[in-house]
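Two complexes come next, and they have one chain in common, chain A, joined by chain B in the first and chain C in the second.
Coming up: the complex of A and B.
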C-alpha cells in the first residue's frame, strides 16, 4: 500500500511538471470590448523610465479607451529582443527607435509609412528634424521623440590654466588644433608646445572624440567629404576632401593631441575622457551635458569648427517613435494618438526635456527659457547648430558599413597603414556591404 | 461510474513496468528536447540554406551561404583565430591543471584554502575578470606597463595589440578555467589506489617517475574527458572575447584590432544579430558543428591508443 502511494505521488509530480511546461508555453491575451490595447515599447534608464510612466498616465487620462501596456528594457537588451519579437510577430505596436536604426526597419518593410498622418496632423514648421526620418523617396518613417545634435564642449578651467582664449564660433579645425597643442599636457606638466613634452605619458588631451557620431563624420563633412552619396547606396570615401580631413585627424592622433581608438580603451568608456577631466575639449551630443554636469565641470559649449571652405557640419540623431506595420485599424490609430500626444503637447515636451537627455522636438519648447536655462550657459549653440545639421548617412545597413569603415580607418588612426590605404580599403569594404543589400 | 474499474487496471499495468515509468519520467526532457533543441536545430539547418534577415520570411538560397562563407577571407581569419586559441589553450590548461591538482592532492597545510583560491575565478563572471585583467593590462593605468617602464622596457598595448591579443586572452582564460579542470583531475587522482604508489616506492621510484608512470596513465580517462570538454569550450568561446575586446560598448569592435581576436562564435553573432544575416549565421553554426563533431570523433577514435580503463 505504501509503495502504491509513492507511485501515485510520482505520477502526480510528472503530470504537474508536464502541464507546467505546456502552460508556460502559451499565455492568453485578455481584451476588453471596445477598448484598444496598445503595446508601447521603449528603451530606458531607471530615471527616464519613471518619467515615461508619468507621461503614460497623463495620456491615459486623456484617452481612457486606450489601454497601454509597456515594455521597456535598457538600450542593448531592448534592441536585441526587438528583432526576435518582430520575427515572432509579438513586437510592440509603437516603439522608440534609436534614430540610426529607423531605416534598418523601414527599408525591411517592418514600419508603417507615416507620411499622410504627419502631413495631416503636424505642422512641419513647428518641429526640429521631422525631415531626419525622411527617406530618399520622401516618405516619413517616424516622428522624433528627442534630438541629439553635436557641438564643441570645452573645459573652461583648463583653458584658464593654459591661459588661452575660449573657443568661438569662428574657429576652423586648424584653430582648434593650435589650441589643442597648448592644452595637451604630459604627466610632468609640460604642454605639447614645449620641446620637453613626452607624448608617451599624456595626462590631459587637447581634444577627445570617438567613432562616427562624436568623431570623424563631422570632420569629414565639414571638409566637404563624407561616406555615402545622396542615394545612400554608393560610397564616396576615396576623395581628396576626405584625405585632407583624415590627414588632419591622423596628424592630431600621432602627436597625441587627441586619443587614438586604442588610447580610448584605457578609459572605462569612450565617453569618459571629458567628464573625468582627461581632455580639454570634446565633440559631444546634447546627452553629454548630463555627465558633464554630474561631474561638476566648469564648462561651456560652442558651435563645431568650420572646414577649410567655411563649411560646417553637425551630426544629428533623431530618436523617434515608429509604428509597427502590423498595427492596423484601431490599434494603428491609437499608436498615432500616442505619437501625436508626444509631439504636440507642450507639457510632455517640457517634462521630457527636464531629464536633460535630448533637445525637445517642438521648436516652441526648445526655444523657451525652461530649456535654455541651466548648464551649460550657451545652450543656444545646440539650436543654432540645426542650421548646418545632417544625419550620419544612415541607411538600412548603417551599423554594418560603420563597422567596416572603422576597421580600416582605425588602422590609419593607429599609424599602422597610410591614410590612402585606409581610404581605398574602407571604400571597397563599404561598397561591398552596400551592394550586397541594395543590388539584389 | 462504468469507466471507473477500467482506468485503474490500465494504470496498474503501466505501473508495473519499470521501463515505462522511466520513459514517463523523462518525458518532460524529451518534449523539451524535441521542441527547443531538435526543432531549433532543424530550423537552423533550413535557415542555413536561405536568405533570412529575421524581420522577413526566409527565402530559399541553396548553397549560396556556404559558398559565400568559404570565399570570405574574414571567415578563414576567424577560423584560424579559433584554432590558434585552441592550440594554445587546451594543452596549456590541461598540463597546468594536472600539475596543480597533483600538488593539491598532497597532505598540505591549508589545503582547502589553496583549492578554494584556485576555484574563485571559476565562479566569477567574465565582467569581474575583465576588471581584474584591466587593472593589469590597461595600457595607461595597468600594472604590467608600469612594471615594463620601471625595468626600462617599452610599454605595450596588450589587448589592443594584434600579436598579443590571443596569447593574452588564452592566459586569462587559463587562469579563470584552471580551477574547474583541477577539480575534475582531483577526482581522478583520488581514484588512483595508493598501494600502487607504495609498491613503486619500494621499487625505488622517485616523484617524477611515479607521476609519469603511474599518475598519468591511471588518470588517462579523466584527461580524455578534459581534452574533449576544453576543445569544445574553446570553439564556443564567446563571452570572454566579447567582453574583453569591447563588444559590450560597440558590437563591431568585438573582433579586436584588425580582426585579430575575431573567433567563429563572435563572427557568427555579428553576422546574425548585428547585421541581420541569420541564414549566413546559421551556415557558420553548422560548419562549427561539423568541425566539433569531427574533432570529437577523432579524439574518441584516438583514445583507444592511450586511454586506460581499469
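Coming up: the complex of A and C.
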C-alpha cells in the first residue's frame, strides 16, 4: 500500500515539474531587433472591422518597423475588458475610446497627456472638435476618430400627410411643439389638435425623445441651463432655466406628443420610434442616418431648435484615440504615429467616412462632395451645428451621474413627482456622485 | 366514464395551453430572424414576417467568421464537459466516500465559493492566465472546468451519497481499491447525473460571455456568443441578423439535449440490492 502512495506522489511531482518547465519555456518570446510591437485596441462591428483591418494594412505599409497587434471586441465587452486590463496593467498601448469615457480614464491617470504632440503635429484649424477632449486645465487627452453631432431629423411623408411645413433652422422649441400637436396621432387617425384625440392610444408621436444625448441635454442647454458648472465638479441643476426646459418636456410628455420613458418600452429599442415610422421627428446624432436609410425613410435633417433667448445647443460625442500612459519611448511614438496617421491622412478619413458611421474629423474631408452627398439631403446641417456644439458635461463620473439624473427626472417624466421635486432630488444625488470622486 | 373523459380533456387543455406559452418566445425569435430591418422595428409590432427574409441567415455567414466561431465553441465546450465530468466526479467521490481530516469543513468551503459572483473572480483569473501566457487562447476557457467547479462537485456528491454502502463493501471484499470502486461501481451507476452535469456544463460554456470577452482578443479565437455580439456596432444594431445567428447557435444545444434525454428518464440503479 505504502509503495503505491509513493508512486502516486512521484507521478504528481513529475507532472508539476513538467508543467512548470512548459510554462517557463513559453515565456521566452523572441523579439526582432528595432521593431516595435504596438497593441491597438478598438471596439468594432462586423462591418467596421473589415475597414479597420484595411487601414491597419495601409499603416503597416508606411511603417514597416511597427508591428500592430489588434485587440477588438464588441462595444460593451470592450470596455468591460478594458477595465480588467487596466487593473491587471495590460491595457493596449493605444485604443479607441467612446467620447464620453475619455475623462474617466484621463482623470484616473491611465492616459498620456497629448497636449504637446497635438500642438506640434496637428493644426487645430484643420479639424472639427479637437477641443472636445480638452479638460478644464487645458490639457488634451485624445484625438477624435469620428464625431457624432446632433440635428433635428424629420419624416417628410408624415409632414406631407399632416399638411404642414417642414421644420426650418428658424424654429424654436415652441414652434416644434406646435408642429408636434399636428403630427401626434391616435389609432383612430385623430391628431392631437382634435378634441376627439385619445392620448392613451398613440400610433404616432410628434417627437421621439430619449435620455441625455437625444433627449433632455439639448433642451436644457438651449434654454440656458445645464447639469454641471464649468469645472464639471458642481451641480447646477436647480435653476429657473432648467425648470422652464423641464416644464416644456413634461408638458409634451403628459400630452403624449413625446413618448415617456415607459412608452418607449413597447418598441424594439429606445432608438426604434423614428426608423419604424412611429415618430415624425427626433433629435438624432449622425449615426442615426444608418437606421433611417436602412428603413428606407423619406426624411431630412435641419438644425436643432432655439431656446426662448435664441440660444442653440447641439450635443457632441467625439469617439477618440487615446494613448496608454505606460506606452513610453518607441512604443509611445509608434502609438502617436497611428493616431497621426488616422487624423492627418485624407485617404484614411475618407475610407472611414464611407462606412457612414460618423462625421469625419478633418474639415477638408467633411466638406467634400463624398461626405455631403447621399441621404439625408441636408448633411450640411451636421457641419453647421459645430458652431454651437458642446459635450455632454462629460467628466470622470459621467455614466454615474447620468444614471442618477435619469432616475430622478424620469419620475417627473412619468408624472409621479413634480418637476421641482425631481430637480431637487437630482441635484442632491448628482452632487453626491461628484463629491465622492472629486472631494477626497 | 364521462367524468374521466372530461378530466382528460381538461388535462390536455392545460398541457396545450402551457406548451403554447413555452413555445411562443421561440416562435417570436424565429419570426424575428426572418424580418427585414424595417419589419423588425415596426410599430405596432408585426408578428409574421412578410416577405420572408431568408437572406438574413446568409448574411450571418458572410458577416463574421461563423464557422471559426462554431469550431472554437465546440472545442471549448467539449473539453469543458470532459473536464467537468472527470474532475467533479473524482472530487465528489472523495467527499462522499473517503475519510480524511476536515472533510466537512472543506466541503463547506467548496460550497461557499459558489456564492462568489464571477465578476469578482475575473480580475485575479485574468492576472493568473496572463502570467501563464494563456491569454487570447482557448485554454483558460476550458481548463477551469478541469479544476472541479463547486456546482458539479455538489451535484455528483449527492448522487454518490444515494448509492447504498453495500455495493462498496462487496466491491472491497472482492479486492477493489478506492479508485476501482469509483471507476467500476460508482460511475456506471450515476449515468443520469452525469448526463445532467454534461448538459449543464455544455449550456453554460456554450452561452458564456464574460470569460471569453475578457480573455480573448483576436477575432479568430472568438467563441459564438462573442461572435454574435460583434455583429452589432456602437450605433447600429443589426438585430435581425443577431437573432438569426442566435437561433443557429441553438442547434447544437438542442442536439445535445435530445441525445442526453434518454438518460434523464432512466431510473436510479438502486434495484441491484434486494
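Here is the rule we use: the second predicted complex is superposed on the first by the 410 of 440 C-alpha atoms of A that agree within 3 Å, B and C clash if a C-alpha of one lies under 4 Å from a C-alpha of the other, contacts with A are read in each partner's own complex, and residues count from 1 in each chain.
Basically, contacts are C-beta pairs under 8 Å (C-beta built on N, C-alpha and C of every residue); 3 or more make two chains touch, one makes a residue touch a chain.
These figures come from a predicted structure and were not determined experimentally.
Visitor: So in the superposed three-chain picture, is A:46 touching just chain B, just chain C, both, or none of them (first/second/both/neither)?
Guide: second
Visitor: Identify the partner contact of A:397: answer first if only chain B is touched, second if only chain C is, both if each is, neither if none is.
Guide: first
Visitor: Using the superposition on chain A described above, determine whether A:291 touches chain B (first), chain C (second), both, or neither.
Guide: second
Visitor: Based on the superposed arrangement, let me know which partner A:309 touches: chain B (first), chain C (second), both, or neither?
Guide: Once the two structures are laid over each other on A, A:309 reaches no partner at all.
Visitor: Quick one: is A:411 in contact with chain B, with chain C, with both, or with neither? Answer first, second, both or neither.
Guide: First partner only.
Visitor: For A:80, decide between first (touching chain B), second (touching chain C), both and neither.
Guide: In the superposition, A:80 contacts both chain B and chain C.
Visitor: Tell me which partner A:262 touches in the superposition: chain B (first), chain C (second), both or neither.
Guide: first
Visitor: Taking the superposition as given, does A:200 touch the first partner, chain B, the second, chain C, both, or neither?
Guide: It touches chain B, and chain C stays clear.
Visitor: Under the stated touch criterion, name the partner, chain B or chain C, that contacts more residues in chain A.
Guide: C
Visitor: So which positions on chain A get touched by both chain B and chain C?
Guide: Overlap of chain B and chain C footprints on chain A: residues 76, 80, 84, 87, 266-267, 269.
Visitor: What residues of chain B sit close enough to touch chain A in their complex?
Guide: Its residues touching chain A are 15, 21, 24-25, 27-28, 31-32, 35, 53-56, 138-141, 155, 157, 159-160, 246, 248-253, 257-259, 270, 273-276.
Visitor: What part of chain A is in contact with chain C in the complex they form?
Guide: Checking each residue of chain A against chain C gives 23, 26-27, 43-49, 70-77, 80-81, 84-85, 87-88, 90, 98, 148, 203, 266-269, 271-273, 275-278, 285, 287-288, 290-291, 294-296, 319, 357.
Visitor: Can you list the residues on chain C that touch chain A in the complex?
Guide: 37-38, 40-45, 63-64, 122-123, 126-127, 130, 132-133, 135, 209-210, 213-214, 217-219, 226, 229-239
Visitor: Can you tell me which positions in chain A touch chain B when the two form their complex?
Guide: My answer: residues 7, 10-11, 14, 17-18, 21, 25, 76, 80, 83-84, 86-87, 104-105, 108-110, 200, 211, 262-263, 265-267, 269-270, 397, 399-400, 402-403, 406-407, 410-411, 414, 416.
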